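Worksheet: the structure to be examined is printed underneath.
Each chain gets a letter, A, B, C, D and E, in the order it is written, and its residues are counted from 1.
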Amino acid sequence: MMTGSVLLTLSGVNAYYGQLHVLKGVSLHVNEREIVALLGANGAGKTTTLRTICALLKPATGRITFAGKDIVGMRPEAVVRLGITQVPEGRQLFGPLSVRDNLLLGAYTRLCAGRKAEVLEDIERIFELFPILGERAGQRSGSLSGGEQQMLAIGRALMARPRLLILDEPCLGLAPLVARQIIHTISQLRSQGTTILLVEQNARAALSIADRGYVMETGKVVLEGSAEELLRNREVRRAYLGKDYEEV
Amino acid sequence: MSLAELLQYLVTGVTVGSVYGLVALGFTIIYNATGIINFAQGEFVVLGGLIFYSLYVAAHLPLVAALVLAVAAVALIGVLMERLTIRPLINSPVVTLIIITVGVSVLLRGAAKLIWGPEALPVPPFSGEHSLFVGSVAVHLQYLWVLGLTVLAVVGLRLFFDHTIVGKAMQACAINSEAAQLAGISVSRMVQGSFALSAALSALAGIVICPITLASYDGGALLALKGFCGTIIGGLGNGLGAVMGGVIIGILEKLGIGFAPQGYAGYQDAFAFVVLLLMLFIRPSGLFGRQRTEGI
Amino acid sequence: MSAERKREILGFAVAVAIVAALPVVTRSAYWLSIGVFIALHGIVAIGLGLLLGYAGQVSLGQAAFYGMGAYGSAILTLHLGCNPWLAMGAAAVATGLIAYVIGVPTLKLHGHYLAMATLGIGIIVRILFNEGGHITGGPSGLPAVPNLAIGGFAFDNDLRMYCLAWPIVFLQVVFSRNLLRSRLGRALRAIHDSEIAARSCAINTAKAKVMVFVLSAVYASVAGSLYAHWVNFVNPHPFSFPFSLELVVMVMVGGAASIWGPLIGAAALTIIDQSLLQLGHVFPIAEDLDIVLFGIIVVLVLLFMPRGLVRGLSSQEAERRAG
Amino acid sequence: MQAEEYPLLQVRNLRKVFEGLVAVNNVSFEVERGTVFGLIGPNGAGKTTLFNVITGIYAPTDGTVVLNGEVITGLPQDAIAARGVARTFQNLQIFHGMSVEDNVLVGCHRHGRCGLLATIFRLPAVRAEERQLRNHAMEALQFVGLQDFARAPASSLPPGRQRLVEIARALASEPCLLLLDEPAAGLTTHETEVLGELLQRIAATGLTIIIIEHDMNLVMDICATVAVLDQGEVLTIDSPSAVQADPRVIAAYLGEPQPEEGGAGG
Amino acid sequence: MRCPYPRLLIASCIVGLAVALVVGGGCAKPQPQQVPGGPPKVGEMPVPQPAGEPIKVGAIFSVTGPGAPLGEPEKFAAEMIEDAVNKAGGINGRPLKIIIEDDQTEEAKAVLAAKKLIEQDKVCAIVGPTMSGTTLAIVDSCQKAEVPLFSCAASAKITHPVKKWVFSSAQTDVLAVQRIVEYLKQQGTKRAAIICDSNAFGQSGAEQLRKQLGEAGIQIVDEEKFATKDTDMTAQLTKIKAQNPEVIICWGTNPGPAIIAKNMKSLGITAQLINSHGVANQKFIELAGDAAEGVILPCGKLLVADELPDSDPQKATLLKFRKDYEAFTGKPVNTFAGHAFDSLQMVLQAIRKAGDDRAAIRDALEQTKDFVGITGVFNLSPEDHNGLTKDAFALVVIKNGTWTQVK
């Protein structure tokens, strides 16, 4: 797969929760039309990295640029307008609202700009991508099954027409079959031109579709490489199962 | 007690209750957006009535213009309050936020007294001092205004929340503010909007009821407390529940007076709060709220 | 150990010295009675501070317990001819019992629900005072409550009352310190920081909350009794909702999570209140402005020192995230 | 003594459902006295929920927990803690407004007896009790190596040491059962090593421990038995080495092997 | 550990500022700067300028808080008198200084205000407070400090039993109810309902009504209450309506009774509404609008001064007071201002006679005979520290938005 120029760069990002130093000089980049996987054990700082990118957490030091623009200090909604959207961990749908409303809200910035017709077209496109959502358009989103909710969460993020789509644990808590379907959808999205940054517990599944990957440990990037390299790398297994894994 | 008497209590109860309901709705909107109980809510009601007095009675503006302007002015005060006192502290513990709204309420009350003086001010009813009589049950024409505007406000709000993107965005912020931010919704603007909306609703309540109750700078506290009861009875965070809760408080209060033995009407406010306490002890999620499971 | 202990003793000594200095500097009944009011409000506020700052529970009905003390004293001395000291003690015990009965169901509630419930209780109690007919004297109240006296020595003027009230305050400070430096006090602070972790340390949080609620009610009751025996008159008005709110504001402005905070808050608010009133003499327009200024001061203190005057700005992380 | 015939903890057919979501499903296991029991599994497997049910934070939808032959399901959290079940939390729950020593002293809560009145008058009994508890707390602090930080505000310590404070707090209660929820999460490599050494010393005292941990080294070093949870169900209960080699476990962690790759992890 | 100084600094600044204000405010008043430098308009004044140490009289009014509608006019009246007295040469050649404190309608503040006046300002007598509650709260302080207190509040408890140092200038409810019952007996009324504020004024009225109506053989068919801040009394009135009384007697102060009048009209209740002297002011008519028409109430003669026969001893005083007050404040005259006027004038009269010694003033006050005031003609004595009779009341009916005496 051909990938383009650099879209997102983090260099030397440090971030704190109160006094807790959670990101320690994180540097990574994502090229256009690439799928990049961010791997690591619980508490390694993956989700925090994503929060920092989306401006939900302000880094203490370090630069984050998107399409050549420095985005540190921007408001979250401004980052969304620039073209970064995130599918947060645990879906975070607007449960009491309908499926259609969730999608509409995904396109909030465009609706406010008065581009309603375009948005309605996009909704139809999401329904093509996930037909089950079309069937449940009027249903409360909280009543959907886990897999359907995940589809809706992805659909909502796509409604902003992002240049970079960030997914945080999209397969968490899903049945294996559904998880595979989601992974498939993600690779499909890339082929339609969306750049993707993916955090996933299921490392094998993530790396199966990714071009490149980073492994994080205790707030630092400890490893990076192409997907094939990482899949073969002992360190990756160590990060999940402990270093003695292969030696047993 | 005769049927006519009973109906009379109901009519008044519903009217007074719908004002409580509007106040309760105001509480709910701010609570949903920020998790704060705004103790200055009663002052919004009062300011609505007083500003309306100035515009309608003193400046002789037409009814609708005075009404709209007064509502807008109070909405602006709500926005200012949010901007100056709530936003800088939004990450503070809830108690601090509650107390700062207390501070604002003291400030607004003082300012209102400074401007409009200590005494109550009379506002003429919108359609004159007349009553309709259904049998021997009297329905003051202003009651119809109160009920009508309440229904209009509630329906309007429903439409706003269900059928406009801004309304939905506001709901989204209340449901999950972080997810809303990730969808590109400016949470701080929505919080500001909710203060404006909440202030406007309370101002409306103050305006429609002041021909019956007179407009007075210190009338806010009691209305706010009753509205507060309504909010809890309806289930904290539930808008329609809050309106219903307010109406229930209104009806119970009037029936309480009706059924109280001679000379015991002094307990009417205690009655409302006893109901509130029972509610809190037995079903704290309110009549219309969903029981929540406690998490970490 | 010793440095901290030294600082503690030094702080206490300074406070005692300041308080002791006032009657030496002035015998003015005005200043002394401001001092007495600060002491009375301080007693209630320190109790409320334990509840609010250490156990993390809000009470918007504390004026009711203050009132129970005042009315308890007045009713027992006037209707039953009780000795004032006995009346004061009996009122405190009765208030404690009532607080226990109220506290058990009420403290199961959290956050706004708790605030609302205590507020409701406060209002109901105020109405009971008002509607109590002959017993409470109704809205006109009960005049001629006798003074406290030891033998022939009656605490009937401001200096004497000042000398009675402040030792009680300091005693209470010592009590509070003893409590907070003990197993029970640590349990309270633990509840404030993390209720779930506190329970995992075998702390019966419900019991601990009720305990401190009762204690704060007893403190308030004692202060109420002192008020009644000093002013010699009780009526329902001073024990209504605005005073409950004012007490919470005192605690918040002074700083809830310290022993001295509520006391300093009580002093600051009482003094600010009086000074604004006096300001009206200098600038005649300030007459109504004082309420506005009062509001502004409260807002400013909380805006710039959300942890209160004693702690001032603190770098502690916002508690919401931790909670 | 009569309790000796039972295993210390028996978990029988435990099930916990949250609004339709099954978090823990039909989980049963036993923990013998004086052993260290590991609990592993991917995110969302229900490990922490299991802890929360055992310690009484949640009431189970179904099933029972038996401690020392006594059914403790349905008891309030503090009553279970009072029976000697101590725990730490995945996301640190230290009392950030208190000193390190006071944090640990809270752990000693169940050993105190003095009432409110005695306390506010600081009667001699209270002083004696304080001294005793303080000694106790100091011992726990020394055990975890934090004796020099006793007076420091707990929130001023780095997360690694805060974790030790939590452990000291749990130890100070002299528990019969210690539950550790991901003690190594968020620690640096060095801190993890210190922790591992500490956990081994704790295990050596004969205390019964259940530990949730992702760091397999740690699990390997101290656990006698490991249970693997996936999607709320027990996948297997076995020795650590056997568990590590189990293809089902590897699949649960790394994802199901793609068909063309064949069995990995051999 | 972080350096605590910046926060300490801010904290101490705020406290310091407050203390400075208290000290400054507390001291600014006693230093009578204005008085020596005050009267530069020498030329136009034929009277000798007051000189020497000013005579200090304290006043405590509820200028703010719920009592403000009563307290504010009282304050105006006091300022007016101070102004007039000093222009007319002061008292016994000395300037008059009235130190007015606002108790904010709070008992605790009234206590503080009284102590400040007594100890700090060393006033020779205190006028006020406005309300019964605040008065009763400071009665003891004044008794102990042996300072004459001339209250403007109406509760019978203030002067019954007689307290050595305490007087009151407001008509008690006893007299007002006497006047009403006299009228009802004339009309042959048999069934009355009462609805009273649950505050001190209303309940003390209710007590008198129960007693005197019972003695007069008039049946009370229903007795209701409302809270001072209630804004709708239809429920109570519905209950009363069902009992079908001939008259409804309402006891309270604005705005409650105005709302009741309006509620009665909207419920179509035709019984005669009788109000207390608590609403004997223009505000009631303004608030109740059309609903005020036909309402009967007892009130001081101030409101019907024009209608009084020239033979009435009060007529001249009333007309002059009305003129002066309206000229001084630009606001319509008000009964409560009259209370302050009477209290203050009687105190000043006593000072003129006895000097500024507190005990002497008290003794002189007790000797006050045939003082023609706004509220009535006062005859104080050791047994009566109020000194009014029911003749202090006129019974008026509201017609065309103004007051007319009931014939």
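Convention: contacts are C-beta pairs under 8 Å (C-beta built on N, C-alpha and C of every residue); 3 or more make two chains touch, one makes a residue touch a chain.
In this text, all values refer to a predicted model and were calculated from it rather than measured experimentally.
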What chains, if any, are shared contacts of chain C and chain E? B
Count how many hops through touching chains it takes, at the least, to reach chain D starting from chain C. 1
Which chain maximises the distance between its CA centroid and that of chain D? E
Far-end chain from chain A, centres as C-alpha averages: E
With contacts counted as defined, which of the two, A-D or B-E, has more C-beta pairs across the interface? B-E
Would you mind pulling out the distance in Å between where the CA atoms of chain D average out and where those of chain E do? 72
Averaged over CA atoms, how far is the centre of chain A from the centre of chain B? Could you give it in whole Å? 42
Chain B and chain D have mean C-alpha positions lying a whole-number Å distance apart equal to 49
Let me have the rounded angstrom distance from the C-alpha centre of chain B over to the C-alpha centre of chain C, please. 31
What are the residue numbers in chain D that touch two or more other chains? 57, 155
For chain A, residues contacting two or more additional chains: 18-19
Sequence positions of chain E contacting 2 or more other chains: 64, 198
Which residues, counting only chain D, touch chain A once they are in their complex? 42-44, 155-156, 159, 182, 185-189, 214-220, 231, 241, 244-245, 250, 253-258, 264-265
Looking at the complex, which residues from chain A come into contact with chain D? 18-20, 22, 41-43, 169, 172-173, 176, 201-206, 208, 218, 237, 240-245, 248
Can you list the residues on chain B that touch chain C in the complex? 31, 37, 39, 85, 88-89, 91-96, 98-100, 102-111, 113-114, 221, 225, 228-229, 232, 236, 264, 266-267, 269-270, 273-274, 276-277, 280-281, 284, 296
Would you pull the chain C residues touching chain D in the complex into a rising list? 1, 4, 175-176, 178-179, 181-187, 189-190, 192-194, 196-205, 211, 215, 257, 316-317, 322
Residue set of chain B touching chain E in the complex reads 1-2, 5, 8-9, 12-13, 16, 113, 118-122, 124, 129, 131, 133, 136, 138, 140, 209, 212-214, 216, 218-219, 221-223, 253-254, 257-258, 262-266, 268-269
